[in-house]
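First chain A sits with chain B, and in the next complex the same chain sits with chain C.
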Partner chain A sequence: MAGVEHCPTEGSPGSPYYFQLSYFTIYLTKGIEILEYYTKVPFYHVLFEAVLVIWIYRLITSKTFRFREQKIELTEKEEEELIEEWQPEPLVPATPTYDLDVITPKVVEGKPGHTLKIDDMECLNFATFNFLGFVGNDKIEDTAIKSLHRYGVGSCGPRGFYGTIDVHLELEERLAKYTRTEEAILYSYGFSTIASAIPAYSKRGDVVFCDKGVSFAIQKGLVASRSRVMWFEHNDMEDLERLLLEQKEKDEKNPKKASVTRRFLIVEGIYVNYGDIAPLPKLMELKYKYKVRIFIDESASFGVLGHTGRGLTEHFNVPIKEVDLVSVSMENSLATIGGFCCGTTFVVDHQRISGAGYCFSASLPPMLASAAIEALNIMEQKPDMFDDLREKAKLLHAELDGLQGLVCEGSEESPIKHLRLLEQLETIDDEEDKLKEIVAIALRNGVALTIARYLKDDEKFLPPPSIRVTVNVQLTKEEIKRGAQVIRQAAEQVFG
Partner chain B sequence: MTPSKDKSKMPVRSRLTSRRSQKSRKNGFSSEKNQLSALQEEKLKEFRESFVEEFQDAPLYAAVMSYLFYFYMAFFACIKDLMIRLGVRKSKRPKEYKNEGFVPLYPEFEDFYFRHIYIPYSWAFNKPISSTAGPIIQLMEREVVDGGWQHRLTGVKTRMINTGSYNYLGFAENVGPCVEAAEEAVKKHGLACCSSRHEFGSLALHNELETLVARFVGKPAAMVFGMGFSTNSTNIPTLVGKKDLIISDALNHSSLVTGARLSGATIRVFKHNDMKSLESVLRESVVKGNPRRHRPWGKILIIVEGVYSMEGSVLRLPEVVALKKKYKALLYLDEAHSIGAVGPNGRGVTDYFGVDPADVDIMMGTFTKSFGAAGGYIAATQVNINTLIEYSWEIIDHIRGSSHSAAYASSMSPPVAVQVISSMKIIMGEDGTDEGKRRLKALDENNREDILKTRFLSAIIYFRYFRRRVKEMGYVVFGHNASPIIPLVIFAPGNTA
Partner chain C sequence: MKTERGVSIDNPNESWLESKGTWFTYVLLITLGHLVILSVPFLKTSTAWTLTNMFHNMSMFIFLHYLKGTPFQTADQGKSRRLTHWEQLNNGEQFTGTRKFFTLVPIFLFMLTSFYTNYDGIHFVFNALSLLGLSLVPKFPQMYKVRLFGLNKY
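Presenting the complex of A and B:
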């Protein structure tokens, strides 16, 4: 047994052999330093210290002195009483903490594509993230059905245990090729893609610089990472630089700690909550100046920005290699389920052992992966649809200009726009009620809109209430004009 | 064997209703229920005696060998590192792009493990297949290039028996009624909604599935989500908060741990499936309260799994329920691996032990395993009653309103939802055939003759038979007899291949 007992300390992954070696050398050198110190100080000093040590030892061991706080021992009966007395709170709060209308959402019939069929009425879809109109695409559906007849629906296991199906490998390869990166990694749900990717790299003790406008999934990823987060004002590069400088000063004071503190910068390509674009060139400049790694969530900009839809980096002509990690949810442009991260093999591969949502969850249903492959095919074959989408976004932006009581926020080119109130009302609820009125009127006139839904108590920085208007390429110019007209009239009705 | 045996002949439906009529559906806080009746005590005792679970110790030889193995691996890895540092050997690892002078991305130890333990053995995992994850799979052979940094497909495909997928009831299939229904769903609803449940992501399908799941697990209401992992990680934070305590099994799944961490609640851990440990943690927590705030805990949530996927152990549910009632705690039960797979009617551990589902506050499960689909559900007691103040609010409504997934994540894909609906109906026997019964019957060893005739079932289904045979072959196995998971413990990682 002796052999067994001493082996694990050297061999088990919890405490590697060479680690102990390095600790040992540290202690050894420390010990020598202390001995050296004692040869230099006067003798009475050593004597005094020795007496002090003996006295403390006596104090601790003597019976009259209680070093630790006295323990209160409860009798069994008292414990039972306490247990009897304790009244737990109910599992959920007595009064709802959410909007009552979210638990009875409108049910959509048929395919939620170009139009939404709600309450037996076809409404123009200005609400879902189906930017490229891939919902209901015949080619994609045919591919998915073919895949269904080959692989069935579920994969019945995580990627490690026979859940890796050839289409997953193919999709990862295609995504890497399309984004012009070395490697891509596939997740089975959009929300958990970035939420798992962040804690895979950023750990306790690390520092993350993050925009205040980021989506909820990023916020949750940051909480899970337990890193220190420094929030900068939305898209405010000066504020970011201020924080970076602040951190730099701190690091200079404690270079030892700084040498193991990783720094990350997390932004979104197009901010879902604001509809504007991150200033990438400036961010890249700051990246190299302050040596922070940059992660970009391109969920809303992939398949949207750039001449061929490759996202933010193409939009600004920045080599994607210089971005450390790009994370994309496939639930928007690609109109399927899941998400992926891409970047250099050095960075991405690490998620295969430490991305919680990758390792501990079943892989994406193969038919949905096939659908994504087909969607990529279409994106490659018809590169003009991205220009088309941007043009329509610009048209909508122009049409939504100068509404009564409302202001259209977001970049012209972004397919996501936020209509916010010009003047603030007393409470957020009042503001939302006004916006909901507009949404209801528009719905009656055949235009489906939605207010941007947030969990108000859980958002770190709650964006002001808004109607989130989205464009998809299938909407014709006339339809966009009609939609904008309906919104204009509704606004006049509410604010007039 | 188990106390539920005699009752298991009764269909679960009638059992549920008979129980329900006896007592009002409360959350388990009323004082008269805190004390167990003599009959219940006796039953519990009987249960304790009959519950056998094995965690065999490793033979000394195997233990020594596996430690030696790690020792050698670390030893040679250090030498390799040294040689790379001296420039004798070249590292094959891919490089980071242009980040000179940055703080290294990976901590030293993690990096060491990744380079020297994960990479050389990674080819034993992540093996790609090119078929359904059914009973027979087509494995795609790979070649190792660059000492494990790359794998190349050779193009050779081998047919193998699959004992690795969680395809308990064999619903991972590419023909049959479920597949036809899924195809219909694609034609009718497309593949995704591109919107969250709070906005325009709700289809009638989702509502239908939710009612069905609620009926299946024996709860009044349920909500479904697109991913099992997120079901845990995004919903636990809506149920507990800073003032509360989570008591978690030491071996809980990563999704439960993530959810607990995100919730901000204090987390205490008890020894895996050890009721003494659970009781002492519970007792101490209730008696001492929150040590930081010097106040009693708001509420205490016990989080456990029905069947543990890595150990193959089955939860001691009746004992947990008794403790939960005694200490007025709440119970969150993750049935990812037990729903559909254990119990005479395939309804999970409550069905197996004959426990009233009303005694479990939150029932969670995933569709990934037995149903051959993807996603997860949460089902809960509808009315949440406190003994002091009588008010009612639906737990599921609360989850619907404040779940992170419901507000921000895309809703479940229509064909996947339909796969769950049709497979669940088959298990419940509502499709008009006895297909479900046949599959469930195969779960019982007594029907082995039958099993051998059913060609489509996954090999893992014959789990009791499999467990016995594997034990006869001298492997060390873990877990409970009723569990469909049979962990074979392999001591030297070098043998994995």
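Presenting the complex of A and C:
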């Protein structure tokens, strides 16, 4: 027993100490001595181990749980009330509540190019985004058909999973060359291009400064990013600077947080919902002043703005390298399906593993990629059509000036114009009905128009109702004048 | 009414800790580490045990309770960017098997250490403080997402 009272010294041959025997041997042979040994343990230690044993017990018996579990606990009375309140709806309503234009659809025949054949009537097309008139272009069609014979319809897989075909690589190379960037990445759907690109970079805890007039695709991208969005008034640079300053003050107060927060600025080249151009020089100034990364969605401005159709950056003579990312939907000017992002290699390459639309969607059907290549060929061969398009857009803008009861919104050079009501009516539906009347009268006179349609419940900031007039380069000056005249007369008829 | 939230996104940064092979390897590593320390000639057995315990508690603190984020991109839009490894475990679910196991190991290690240090007072102070401060208290559900004094917050 003597050995127990002092600290054990290892290997001392004389002491019959338990360190030299195995624990179990001692337990079996000198169990009583062990008990006595334990009585020498200091009291605080016993207490501490007792607490640990209790903690072990609690640990083992605790059930798993999650924080912030959403529990709805209802009393019986409340439950009964809810059951009482519930009125079952018939699967099919007795009287359909659909819009009139859903019940009496207009049938468009043929290719929606220069003209539209609506219900057997040939109309001038002022309604689709076919700015360069590539829909129905024989050359593009031939190329697409050739590609179809060679590759078949689908590509049968995402780009990273047996879905890459040589035309995809060729198109990416051509797009990068055309936009004068280092690299381009191809998406198979225009909407998902920017909607995937935003969440690939902007994450939880990051800040996005975004225009209130952006398209639905950008809004969805922002939702998916889980970032904090600071909305500034449409094209209002003072409001943007106010928000940037607000963020700057916040960052100065908390530099640790600021060092891990990324800041993005997202705008559109030509706003599809407003028809005006983003003031890029001012945006670039703010970008460098407040250190934000700028993304531009050029879906409506690619192939429209700039002397050679290279978009917003060419329009304002800003080097495209200063813009962090440009995203373009190929469904407007290029008249095919899909979209692309372009920029520096290290920025664009990031999307190849984290762009959801790139990783998880089957790649663009090869024939559509071939069509895009052919469209690029035409854009390179005929660089004067962009000036022509802008001239026609200016002409239409001038012709639509001073309509009765309507105001033409949008930039002169933009091929998208929005005709909005001068005076507000009681409800949005009333306003839309008025505009639909004008559209119907114009249609009877051989001019196809459309009101701008939105998913009203899902839009973050619903733009006021409007007739969206678009120009395509195939319309002659006479046709544009005739179209404007028809709209003028229709407006007079409705508001007169 | 209880709503169960299924988790569809796998976080490969933490899911490997759930496998039994990892648990076995972990215990094996502690044993090997202890044997290495024990083989240093001038260290007493008791000191070797205390060193093992403290090294274990310290590495547990650094790897489970200090380092945040994941070494690769996860599909959670940066949710784990501000979470320590321990907080990422089982997607934040408390008292799961994995969490219980990784709490029990340091406690048992402390008990073994106490035994082999012969319940010495000085050894106790080092062992108990490192156990509580570095291993046990940070594992309390009450400490979930808590950053003391704003340290290591961002």
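FYI, the second predicted complex is superposed on the first by the 391 of 496 C-alpha atoms of A that agree within 3 Å, B and C clash if a C-alpha of one lies under 4 Å from a C-alpha of the other, contacts with A are read in each partner's own complex, and residues count from 1 in each chain.
Assume contacts are C-beta pairs under 8 Å (C-beta built on N, C-alpha and C of every residue); 3 or more make two chains touch, one makes a residue touch a chain.
Everything numeric here is computed off the predicted structure, so don't read it as measured data.
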First, second, both or neither for A:R204, with chain B first and chain C second: second
First (chain B), second (chain C), both or neither touched by A:L425: neither
Which superposed partner A:L59 touches (first chain B, second chain C, both, neither): second
First (chain B), second (chain C), both or neither touched by A:I353: both
Touching partner for A:E89 - first (chain B), second (chain C), both, neither: first
First (chain B), second (chain C), both or neither touched by A:A335: first
Partner contacting more residues of chain A (chain B vs chain C): B
Which of chain B and chain C A:A50 touches, first, second, both or neither: neither
First (chain B), second (chain C), both or neither touched by A:I140: first
Touched partner set for A:S259, first chain B, second chain C, both or neither: both
Common interface residues of chain A - those touching chain B in one complex and chain C in the other: 7-8, 10, 19, 74, 203, 224, 226, 259-260, 353-354
Sites on chain A touched by chain C in the complex: 7-8, 10, 19, 40-42, 44-45, 48-49, 52, 55-56, 59-60, 62-67, 69-74, 199, 203-206, 224-226, 256-257, 259-260, 353-354
In the complex, chain C residues that touch chain A: 1-3, 5, 44-46, 73, 77-79, 81-82, 92-96, 100, 103-104, 107, 110-111, 114, 118-121, 124, 128, 136, 141, 144, 153-154
